Amino acid sequence: MSAHLLWVTPLVPFAVGLVMLLVRSPRLLAALDVAGSLAVLGLTLAVARTVSRTGSVSALGIFRADEVAVVFLLLIGLLAMAVSVATVGWMRQEVAHGQIRADRLRYYYPLVQGFVATMLITVLADNLGILWIAMEGTTITSALLVGFHGDKNGLEAAWKYIIVTTIGISFGLFGTVLVYGAAAHAQGGVFRGAMNWSSIAAIAPRLDPGIIRIGFIFVMVGYGTKAGLAPLHMWLPDAHSQAPTPVSALLSGALIKCALFGIIRFHTIARGACGPEFSQGVLLIFGLVSVVVATPFIIVQHDLKRLLGYHSVEHVGIIALGLGFGGRLGTYGALLHAINHGVTKALAFLIGGDAMSRYNTRDMRLMKGFLGIAPIAGTLFLMGAFSLAGTPPFSIFISELMVIRAGIATGHFVAVAVFLAMVVVIFAGLIHHVGQMVFGTADSNADRGREAPTLLLATALLASVMVLLGVWIPPRVDRLLTAATEVIVG
Amino acid sequence: MGGTGQIAKAVAQAGLIVLLGPLVTGFVQKLKARLQCRQGASVLQPYRDLSKLLRKGTVQSDSASPFFRAIPVLVLAATVTAAALLPVLWAPAQPATLPLGDAILLIALLALARFLLAIGALDAGGAFGGMGASREMTVGLLVEPALMLAVFSIAVSVGTTDVGMLAARRETLTLAWQAPDLLALFAMLILMLAETGRIPVDNPDTHLELTMLHEGMLLEHSGPGLACIVLATHTKQLVTLTLVAALFLPLGLARGTAPAEIALATAAFAGKVLVLATFLGLVESSYAKLRFFRVPQFLGLGLVCAFLALALRIL
Amino acid sequence: MTRLAVWLGHLLIFAAAVLVAVLALGFLGGSTPPVHVALPPFFPFVAMSLSVDGLSAFFLLVIALVTAAAAIYAPSYLEAHPKGAGVLTISLGMFVGNMALVCCAGDFVTFLLAWEGMTLASYVLVVSDTRNDDSTRAGLLYLVMAHAGTAALLVVFLTLAERAHGFDFPALRAAARTLDGSSRTGLFMLALAGFGVKAGVVPLHVWLPKAHPAAPSYASALMSGVMLKVALYGIFRFSFDLLAPVSAPLPASWGWTVLLLGSASAVIGVLLALQQHDLKRLLAFHSVENVGIILIGTGLAMLLGGNRGPPQLATLALAAALLHTLNHAAFKGLLFLGAGSVQIRSGVRNMEELGGLARRMPWTAWLFLLGAVAISALPPLNGFVSEWMTFQALLLGGVRLGGASGLLAGVAASLLALTGGLAATCFAKAFGVTFLGRPRSAHAAHATESPAPMITGMLLLAGACVALGLAPGWAMRLLDRPTSELLGGAGASAVVTAHGPLVLTAGGSPDGLGATSISVTAAAALFALLAVGAWALRSWPRKAPRRLAPTWTCGMTPSARFDYTATAFAKPVRLIFAALYRPRRDIQKEIGPSPYVVRRLSYAGEVVDLAETVLYARVKRWITASAHEIRTYSTGRIHGYIAFVLATLVVSLLLFARP
Amino acid sequence: MSVELATRLIDVLGALLLFTMLLILAAGQLFRAIYAVAAQAVFLGIAGAVLAAATGNVDLWVIAGITILAKAMLLPWLLIRVVRRLQIAREIEPVIPSHVTFTIAAGIVVLAFHLNASLGSVRQAITGNALPVGLTLILIGVLVMASRRKALVQMVGLFASENGIFFTAMAISQGMPLIIEIGIVLDVVLGALVMGILVLRVRSSVDTDIADLESLKG
């Protein structure tokens, strides 16, 4: 039974999406959406429980759930749920403001469900080919969502997104092919499941290091493009800023992490084949570059969603840094940071979207006194901003602390120094922008309507997770992360 | 020697300074008059002025706060307390059992008096009080550090800032004068002029509003209040002279209470004060008052000398 | 409803403060061993704990003192300033609690979390007036600099933690033992920078005069009076305890740095304070000065400690620093509360618009005057005592050290003397212009005395100022444990009040000859007697009448326009130190038909904080400019995007493909 | 068919693929590029067939068939339809001058073979020069996308570089599992569809080429 969960989990949103195609009424669509994502969350929790009981599970020879997968699975489930709850209120607002025609909702919701489903497959796939197919699937579904508004900018963003990430993905495929070839060669011929990560990782030490190097570089660049590592990130602020807000939340919170998941899988193989230095070195460079490149764009950014997009680039960089510093601590920190950033960034995007539709602008200089017109959301947003900036008692501080500690432990003092400097500058920029937006007095034409309860519910949930992980890491989570670290570091 | 004895001596010396303060002023005025080929008033004139002021009634500014009346009293008290810290006739043989204070406290007390005076000047409102206060405080903030440094440069050589001990110790050292002492003395003489509010820093005789420093602050005081402040001024002048004397000419200080000793000490004290007062008079009648914004340069010289003295001592 | 909650909250804080004060006093008085409490594990990799020793207890006392006063004062202050009273109450509690936690932390994670919590809570207090852009900007600057400081601390802690394989202070101490000299000094400098930001050490002080005034006055009192001290606690903890070498004096470079920074902060702080018209800003700058004074003592203790000089000299210096810490908390708290009353009752903070308040708010006025005398280091109040000790330590230490270090001590002494004079001038101006003369605006003319609770809060601190000034022996006993913990040897009271509780003694003079002793108590008594006598003389029964008359203004009818303004009062100093102030003035003159008939004359002038203009403004400009520059490289063309991907691939293939 | 023969044939086909790639790179006209990429797909299919014959792997026959169907017929047809719908000028304007492009391409070829040379025994796992050729195809395909203005040319480049991947994938130990191949092809087709939709929508809403939009920056 428990093994079947693995293919049921992605099947549910697919089914829901298909059903939605037949539905007209917006209310019913919303209800289905929430129900579907609740089911997903439940299923992911079930999978997590199974894995925590019986270790890794696999099904149909192509699906497999180990602790690493569970970490990302839980993140996706949580975000899908929160986002779909928030969507209810948001969608009402959008339709009211005429941003979205009501009759197009029946394309929107199924696409989101499909998007979620593909992401689930990505993290549940054992077969690297399936992993790749699902990843490309996320690109296709989300590209349609990015361009959903159908205005010029939206289409431009969608085009850039699909083209650049498809190139990246094709690199990823090539890398996969090479690794597969190496594995097949090492075992002397093809065999069932030769493309499964579990079997390849098992024989990693026997793989030919030369070809694995090339393969890993291709995967790194390829999936790195999808993950938004600099300098492959340029599509990211465009896409994340143009997508409908809930989708931006999913893109930034979950999709990026899926790409990282892909990288992590190959990272493990590369560790086995060519020793830790190689892949860690690559990850370190990419991480550092991302943090450094993101900084200037953050401090001079005025478009709220672009700001958050560039900020995602920085945080992906931090995760890569954590993996690059390596060691149990660094990896643990990276995984924790993936969760923290996902939760916090989704929170920021959801409230940011609310603010944007309240002021009817994306320019933070024009949004003044958000705290005044939406006290609760404003407070949550401020908390989110502080968390993103890495101040305690919020979760991101803890994971950044671990990453830095790992860096110092492994003697990467220069990297740590650069990183800290950038963090301080980014802190300045971020808090400056957010302060501009939150404090002060709102001008008259801002929408002072009461805050949508569903939005508050969803964001409050995320905020509570954010704060909880900031002051206390529950033993279950700790066990999970430790086990995942073991899987990665081996 | 018991603590009570010391206190008694201290009070006695303070009383002596308070009593002789006006006389010194009188002497300087007389000297100036002579140098200007005038007859001049008697040396006792200051006493007469004081008694007259004490008998007069009071005219107080209607915009002043109740605190205004207390100021002259506090100023006088602070100055006299400072006087009590000086060795006039006696130099203590060993550390006191109930010590009163040292040079730092002395300077601080003088600063307190100046601070209160400035407050009082601002209290009445009106431009002259403010101007006087501002300028007096500015001079003060330049004089104070220099004064302290000069004292320190002496103190470090003997390891105490207690003026009495300093005097006694230096007397026993039979004035082993070195370069630092000369520098310090030079600084001290400059500062003395400023601290006693005399030309070239200030002019005690003028009452032309724009040139007043110290006098400007007294404009609104009258009658007994003014008397207290004037007395305080006299006292402060003599305190400054005595401090210089104690630091640089610690001669003939009495140890015990034998009449002969005391007589000798008194004579020595009179001699020292006479010398310094004459210096004041001579400078005052041979120099012109500096523009206020030239004063900092003048005092800066003192500051530099004092600092050099200290530096040389330490190195 | 909210009102009740606010009152209850503050009462709670007050009770807690009193409790902590009592416990701390008991601890400092007694000889109980340090307390160590393990906290439940919150995070993997970490075990958290609290531990209280003499130093912690002393700083807890400092915190408790001001907190108690602020807690009495705050509620009625908030009634006049109703916005977000609830939030303010909560954040006040968080703020104070976190400060206490920092002083009690037994490991670096607890320390860091409390440290950042303190920052955030105070930030909330600073930006509590969310409508005000200035306070928002001040809050931003504050946060950014605090964050940078924390980053520095983080590196120090983590580097130690790596060697220690643990986070609790004993482990870190043990790890620090194994450091070599250069890296030890490097870590110390980092820590000094990290704490220096919070302590407002020049040139890291720029945020302080902006942020402190922005908070509600009682919060400013806590920030200026206490939060800076928490940073100093960090410096003490690191220099004398955590990073100290096992059996050698602290490196001379540490003492030098601290002494120099202290002197610079003292002079520059007071010089800048002198030119402020905003009462609270002025007080904030004075905090920079006083931190400087404390650091002078600390640096000297570093130089003298560890048998470089006689032990009692080091103890004297450290005792001076610690005592001044307590004193400054008392009088700066008092002054800020006074300024708060002025602000809340009159509605303005700019002295130029005040004046004549002494007759309308007598209590506030006299208490403020007391604080002014204390902060100007004038006898017989507490400011003088600690500054006297500092002077003695500098003097005797200078002789004992000789050479360059001695000279440095001499320089510090002269700068300290200068600071005293400047401070007196500054407060003559502050008090005179604010409370005396005639009211210069309707605000001042209609101000009324503040309610009893606020006065009570001030009275508490005023009492502390007097007591600490007149009964030094009692204060010294509080310093026994900290001093002997940090320096070993006899405690402060054994050195400073060797000749009885009422006598201050500076021992350890070079040739062992008799030390200097003074008794502020006796001097004060004499002063009081003389004052009584003089008063008798002044108000001798005489027939001559006493009458009121307008102030003399050359015959014109006096008005507030005749009063000396703060700007005018500070002008001589502005001219003397023009090189530092870079003063700017522009005078607009409207002349009538003839050039000799001036219709209107308007004067505007300002002085700059060199650190701000030279350092920070440039850095900020540079960063923003380069950011804009870089931004121009991202043309939105997709071909560029693709090219970047291709280039990245090729480059990383070239870089990494071959082992 | 013997393995050596297959290897030689694969090398020949690789050369042909490279040649078509260069044709695409040099193409001055949209249709030429499209036909070239179609031809490339045909060669790819033939390569699949050769390998199938050499190894007797049934899956490879299927894969070859699918390749020819999808990549040599469906996608070009799609592209041509879009071009007709758009009614745009058929010239291909370069973003960077073509001689620069060619130099870069040459560099890429060198790099690919150099990397291949650096590999060890694992080279036997891949038939003939499939690896360097595939690498070259991929990179030059991306180069086309980066250096040509029209959106459709970018799609062509994308397909070309994917052909490279397929070529290598087939040559590696007789192809990947069938379902994977099918899934991949499916994705490629879907992706192409979405791109086509986007291009058309932009054309219909704002009358310009989607690849020329550059309002989002910084």
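Letters A, B, C and D name the chains as they come in the text, with residue numbers starting at 1 for each one.
Everything that follows uses one rule, which is that a residue touches a chain if its C-beta (ideal position, glycine included) is under 8 Å from a C-beta of that chain, and two chains touch if they have at least 3 such contacts.
Quantities reported herein were computed from a predicted structural model and do not represent experimental measurements.
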item	value
Any chain that touches subunit B and subunit A	C
Distance from subunit D to subunit A - Cα centre to Cα centre, in angstrom	30
Centroid distance [mean C-alpha coordinates] between subunit D and subunit C, Å	70
CA centroid of subunit B to CA centroid of subunit D, Å	100
Separation of mean Cα positions, subunit C and subunit B [Å, integer]	34
Junction residues of subunit A, two or more chains touched	156, 159-160, 163, 167, 171, 210, 214, 238, 297, 300
Subunit D residues counted as touching two or more neighbouring chains	115, 118, 142, 145, 154, 211, 213-216, 218
Contacts with two or more other chains, residues of subunit B listed in rising order	none
Every chain pair in contact, whichever chains are involved	A-C, A-D, B-C, C-D
Contacting residues of subunit C [partner subunit A, same complex]	42-45, 112-113, 116-117, 119-120, 127, 130-131, 133, 136-137, 139-140, 143-144, 147-148, 151, 154-155, 158-159, 161-162, 623-624, 626-628, 630-631, 634, 636, 638, 640-642, 644-645, 648-649, 652-653, 656-659
Residues on subunit D engaged by subunit C in the complex (per definition of touch)	95, 108, 111, 115, 118, 139, 142-143, 145-147, 149, 154, 211, 213-218
Of all residues in subunit A, those that touch subunit D in their complex	127, 129-130, 132-133, 136-137, 139-140, 143-144, 147, 150-153, 155-160, 162-163, 166-167, 170-171, 173-174, 177-178, 180-182, 184-185, 189-190, 195, 208, 210-211, 214, 237-238, 241-242, 297, 300-301, 306
Of all residues in subunit C, those that touch subunit D in their complex	631-632, 634-639, 642-643, 645-646, 649-650, 653-654, 657-658
In the complex with subunit A, residue positions of subunit D that touch it	115, 118-122, 124-126, 131, 134-135, 138, 142, 145, 151, 154, 158, 161-162, 164-165, 168-169, 172-174, 176-177, 179-180, 183-184, 186-187, 190-191, 194-195, 198-199, 201-202, 205-206, 210-211, 213-216, 218
